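Two complexes follow with chain A in common, the first pairing it with chain B and the second with chain C.
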Partner chain A sequence: MTRTLLLYSLILLACGCGRRPAQFSLSSATLELSDAAQDVVREELTAAFGTPESLVAWQALPVDFGTVDAVVENVADSSAEVKLLSAVGSDFTARGLSIAPKPATESGDVETAPTEPSAATLITVPVTEATFKQGEQVALVGEHLRNGRALYHRHCVHCHGVSGDGNGPTAQYLTPRPRDYRRGLFKFTSTTVSVRPSRDDLHRVIKYGVPGTYMPSFMLLPENETREIVEYVRWLAMRGEYETKIVVPMQSDFTGNPENRTAASEAAEALKVFRESDLPGLVETAAQELSDDWSAAEDEGNTVLPKSSRTPSGPESIDRGRKLFLGEKAKCASCHGELGRGNGPSTEAFNDVPGKPGVKSDVPGLFDIWGNIIKPRNLTQDVFRGGRRPVDVYRRIHSGIKGTPMQAFGSTLTDEEIWDLVNYVYSIPHTR
Partner chain B sequence: MLVSPRYLWLLTVALVLPGCDLARLDPGGGAFSDVTVSVRPVAVAKADSPETPTGADPSPGVPSGGTGSFSGVVLLNGTAPVLPPRVGKGASKVDPTVCAAEDAIPDESLVVSPTGGIANVFIYLDRKPSGWKGTLENSVPLDQLACIFKPHSLVAFANIPLLMKNSDKVAHNVQTFPSLNSSINASMPAGTTMETVFKKPEPKPFAAKCQIHPWMEYWTLVVDHPFVAITDSEGKFSIPSLPSGKYKFRIWHERADLLERAYAVEIKGGDAAPVELKFDVARFSR
Partner chain C sequence: MNKLWPLFFMFWPVVAIVLFVIAPDMNWWFPSPAMSPLGQQIDNLFYLILVIVAVTFIGTHIALGYVLYKGLNVGSGKAWFSHGSHSLEMLWSIAPASILLFISLYQMDVWMSFRVKSHYPKDVTPIAEVTARQFEWRIRLPAPGKKLSPIPQADDLYTVNDLHVPTGQPVLIRLRSMDVQHSFFVPELRIKQDAVPGTVIPVWFECSAKGEFDLTCTELCGWGHYKMRGRVFSETEAEYQNYLINLQKEQQFDGTSTTEAAAE
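Right, the complex of A and B next:
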């Protein structure tokens, strides 16, 4: 009896009390660097994005972190009392947020007279680094990021993982695998080739889910919560891309592979030079590229819009579409098969394993950019993962599906030809 | 009975599962953790560093120091393996009347001449020499014929359009897999051309494939300077007009990855003596 109690007490103690905090993971490319180089990368990533428990809102990124204007009333040693200037929702809490100096307006002037708030709300905020003066205009930053993180950890983390690497605890049981955000590539977008997904695209995927996969519809979430999840997903994608932009230039010189490594002292010196002279430039360029790339996704000029309205479906249009499907110009049948069952001749070939050119895969089939076997859509099933609206099917044909072998036909097929194909694709499930 | 082993086991499991945090049995993932958000301002770039980058170490007064070429031959040390063709004659499942109809499609991943010269080896500077200013010309266009990409290896210049042609009788597609640039996946019907632009230099050559004919592959290196060469069928290369100074070249092959990370070359106002670079055949195995 005493022995049993002692044994159980030991088990409880050994398990530890309390929750282990979530941590961001490093990509496989980073883990191939030398240990010292990994430390440099980890340090920079933590400075730019933080940890899942202490997030960093890097203002160089085109993320809506959630900003509330405020003015400083009192300043103490490690905290400041601020008065909110703009109205906030009734469920607003400043818990965990920080204040930042309000950036100067575009004209270069800093606003002098703050507008009187409708209801004076005094909030105490911890202050760590910058010093603030009484009466200074500040911004209370991070509401959407904090909320998005909580929502993501509640609804998304088990499949998509803490870092958005598509490798959460549930992921190993799923086919197709959950999306790995870290390349900034998302399959079902309204944007053109080489452009990131727009907020609206991600919103649609969360709201309507991806039929035919394990991604459910989150239509029951309020719109503002979905928006916050979208911002957090974008932020995670930027973190993944940022890691790649820092690590890829380091791969040749700071690999952990002992064959190519230089002598330890030389490597330490080279890493020091890299850190001091190359890294700041890399950081600035990476921030600029992320800002340009993700802002371009919101640009209406990058949205794929049909140039003409849809040809009404009918026997002639479907017949033209069928000829294009089987024909030489588009070669849809080479992957999708002559009957659209997703079993075209390209699926029988043994392709190279992604990332290992020349090494043949054991199983035949096409691969996506994330390294998974991917089957061309079986069009007889009437399941459209990216949405079943005519414009959705048009976009799949016009701009392809990013990260997959599905090509972009926008520059080789005319608008009318794409609509004929859309009409044919719609007809496939109903004509056999 | 309540302290019998069975119930105590149940109690242990019930306590251990939530990690002893009885106060809040949250749905997992730490959704209710206390999270702080701190702000990082827009990064301020440090002043341009006077340090020389790892790729080049030119001596002062680069333009007046004269130029020279770096040339040589890359040889295989050992017997070249005989590689089976990617697709045997008449064995193509896709477009059999065009692909591998007349000849088998060779495996170009390791091409060695009878004298031991290795083709398709890239020799390049990791970044442009500091202080170098010059113009870049259009690179060799890419073409597709008999279901083979020609050339197998090419150099593209950053921000200069690369012309891609499909002179074949069947439609192909080009999907690129760069590290730092955006990838494209464009369809190219027979007889068409298109242009693509790479915005950033790449640290290594990257592969590009045709998804319709999956054996089709070619390699591209994107640079923002002209000091790069690809060995020809004899393994020979030449990089002319290098400003005087010390350089570290990268030497890369698709099978071996980086053969040399930092091959030191010095140009002293004239051509460097031609070099013979020999690499063991074991490095080219997959």
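Right, the complex of A and C next:
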């Protein structure tokens, strides 16, 4: 009896019965690198973004990290160049200027009244620029990120995965697959072709869901929580893009494929040189690009807005739209089919494998950039994934659906032509 | 010492009486007062059953206490052995059976007016098609001034999770499911109806006061079951029409008008 109990407890000890900490995974491109190079990437990613358990709010990124008030509890070794500073705050750290003197609050302002730090965790933050005194009130950066993580882990992680790679535990059962954020590409946006999604775009998708897919509406969440999830998703997308930006220049020299690998010592030396001379520049460029790309999405100039208002729907407009749909200029029917059923000839063709131009797939169908076979929308079903307002359908045609074979027609079609197409698309489910 | 058990069993009917008397006023039985006339009738049925159960519970406990108390003073008398009594058996079979029969007949009116089409209120209007889906309520509404058609129309309005209804008039929703079984539950209105894939189930209700009620799914439908929370907004006819008009405006937004604010 005792022996059995002992055995069971040993098994439990061996397997572990506690919660396993969430971990960010590396992209497949990173995993093709040599082990040492992978370590460099992992280290750099951890420095810039942290782990799910200990997030890093990197100020170079255009993310609204949010702040929380804290009190400096202990300043250790103030003479050293990098000062170690403990503050009562929360379980996050920050890169760059992590901890800032508390901004002066206007008297009588209720909103900025200091709040008690919820979790009195001691954190240690290296501070390079500012000096702090014990007992000083400071603002810790990262509150939105921390809340966003908690909400993301509760509501989103089982499909979209810890790293936002669209590969959570339930993802394998879903068609279409959950979005992989790591390319920074999101399908349903209000922005122009090459621009990232705006905060409002992500907010809209979370709030209203994507009809016709497994993405449900999260209208039950309060506004501030939805905003925090949006920030966290943007941050995860930036993390994925950042990884790619670092890994791509490494691919030629530090691949894990033994044929291309030079002698081990040479490789180690090259990696060291890369790390010391190339990586800092790479990091700076990547951060700058991310900052530019994601800030551009918030720029109103990059929002797609029709120049002319919608042509009132009528038999003439619908007929013009139908001719465009079937015609050579827009070629809608080649994917969506003559009747709009999403069964055009190209869905039966052998197309290029995404990311490998010239290599034909051995299965017929259209691919999205994430490598999944996807179906063109069946327009007879009256389901509009990206929203059913005329402006939504206009944007789908004008700037395409990012990451899919649905291309942008903004430059080839005039506004009037797009509106005719919109009217025709609206009429399809109701015409028999 | 011997009086412990008679006192113990007599204590509970006293507690029960106190609870039964104060519970309705403290709102311990129901999430809130019923916000619909039918809900009020359903509550009354609950109270009827509560009274029957209370009387039975208290009666049996008093009997039990009495027997125990009598047993204290039996002394060394001889035991009396019973082989059963036919008339007693008849009594305690027929009494509960007639109570059950009474309840089943008594509730029939409420049941029929809730479920049987010919007993629906005469002026009930279909206002929305609610399609349950993992994990949300997709809602289709007719355009302002139009009637809900069973077949989707070009000018229908679509929304999700938030169901608006006019106060003080019986309304009907067509309840459907797109995937698995769900259940449409508005506790305040005492409305609970399963949504079954492949069928359209009419559900009527009437909100007797303005307000905002929770709409939940009460059939475990998958991992995201908890997410299926919607809201029912009961509002005046004018507010309801206004809501439809605003929804229509929002849905016809073509990017050039000046009012995108309604969309967020």
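The definition used in the following text is that the second predicted complex is superposed on the first by the 343 of 432 C-alpha atoms of A that agree within 3 Å, B and C clash if a C-alpha of one lies under 4 Å from a C-alpha of the other, contacts with A are read in each partner's own complex, and residues count from 1 in each chain.
Heads up, the rule we're going with is that contacts are C-beta pairs under 8 Å (C-beta built on N, C-alpha and C of every residue); 3 or more make two chains touch, one makes a residue touch a chain.
Note that the structure is a prediction, hence the values are computed from the model and not measured.
Engineer: Just to be sure I read the superposition right, which of the two partners does A:Glu416 touch: chain B = first, chain C = second, or both, or neither?
Structural biologist: Neither: A:Glu416 stays clear of chain B and chain C.
Engineer: What is the contact status of A:Glu32 with respect to chain B (first) and chain C (second): first, second, both, or neither?
Structural biologist: A:Glu32 contacts neither chain B nor chain C.
Engineer: Of chain B and chain C, which one contacts the greater number of residues in chain A?
Structural biologist: B
Engineer: Could you look at A:Ala408 and tell me whether it touches chain B, chain C, both or neither (first, second, both, neither)?
Structural biologist: First partner only.
Engineer: State whether A:Asp319 touches chain B only (first), chain C only (second), both chains, or neither.
Structural biologist: Neither partner.
Engineer: Between chain B (first) and chain C (second), which does A:Pro21 come into contact with in this model arrangement: first, second, both, or neither?
Structural biologist: In the superposition, A:Pro21 contacts chain B only.
Engineer: Regarding the shared-chain residue A:His158, is it in contact with chain B (first), chain C (second), both, or neither?
Structural biologist: A:His158 sits against chain B and chain C alike.
Engineer: Identify the partner contact of A:Glu328: answer first if only chain B is touched, second if only chain C is, both if each is, neither if none is.
Structural biologist: first
Engineer: Would you check which partner chain A:Asp253 touches, where first means chain B only, second means chain C only, and both and neither mean what they say?
Structural biologist: A:Asp253 contacts chain B only, not chain C.
Engineer: Between chain B and chain C, which residues of chain A are contacted by each of them?
Structural biologist: After superposing on chain A, chain A residues 158 contact both chain B and chain C.
Engineer: Report the residues of chain B in contact with chain A in the complex, numbered from low to high.
Structural biologist: 3, 5, 8, 11-12, 15-16, 19-21, 27-43, 45-46, 49, 51, 53-54, 93-94, 109, 126, 170-171, 173, 175, 177, 179-180, 182-190, 192, 194, 203-204, 207, 209, 211-212, 214-215, 217, 250, 254-255, 258, 261-262, 286
Engineer: How about chain C: which of its residues touch chain A in the complex?
Structural biologist: Those in contact with chain A are residues 133-136, 138, 152-154, 158, 160-162, 223-224, 227, 229-230, 250-257, 263-264.
Engineer: In the complex of these two chains, what residues of chain A are touching chain B?
Structural biologist: 1, 4-5, 8, 11-12, 15-22, 47-48, 50, 52-60, 65, 95-101, 128, 141-142, 145-146, 149-151, 153-154, 157-158, 162, 193-194, 244-245, 248-249, 251-253, 260, 262, 270, 273-274, 276-278, 280-281, 283-284, 287, 328-331, 334-335, 345-346, 348-349, 351-352, 356-359, 366, 369, 400, 402, 404-409, 411-412
Engineer: Would you tell me which residues of chain A are touching chain C in their complex?
Structural biologist: Spelled out, the residues of chain A in touch with chain C are 155, 158, 170, 200, 203-204, 208-209, 211, 214, 216-220, 304-310, 382, 388-391, 394-395, 426-427, 429-430.
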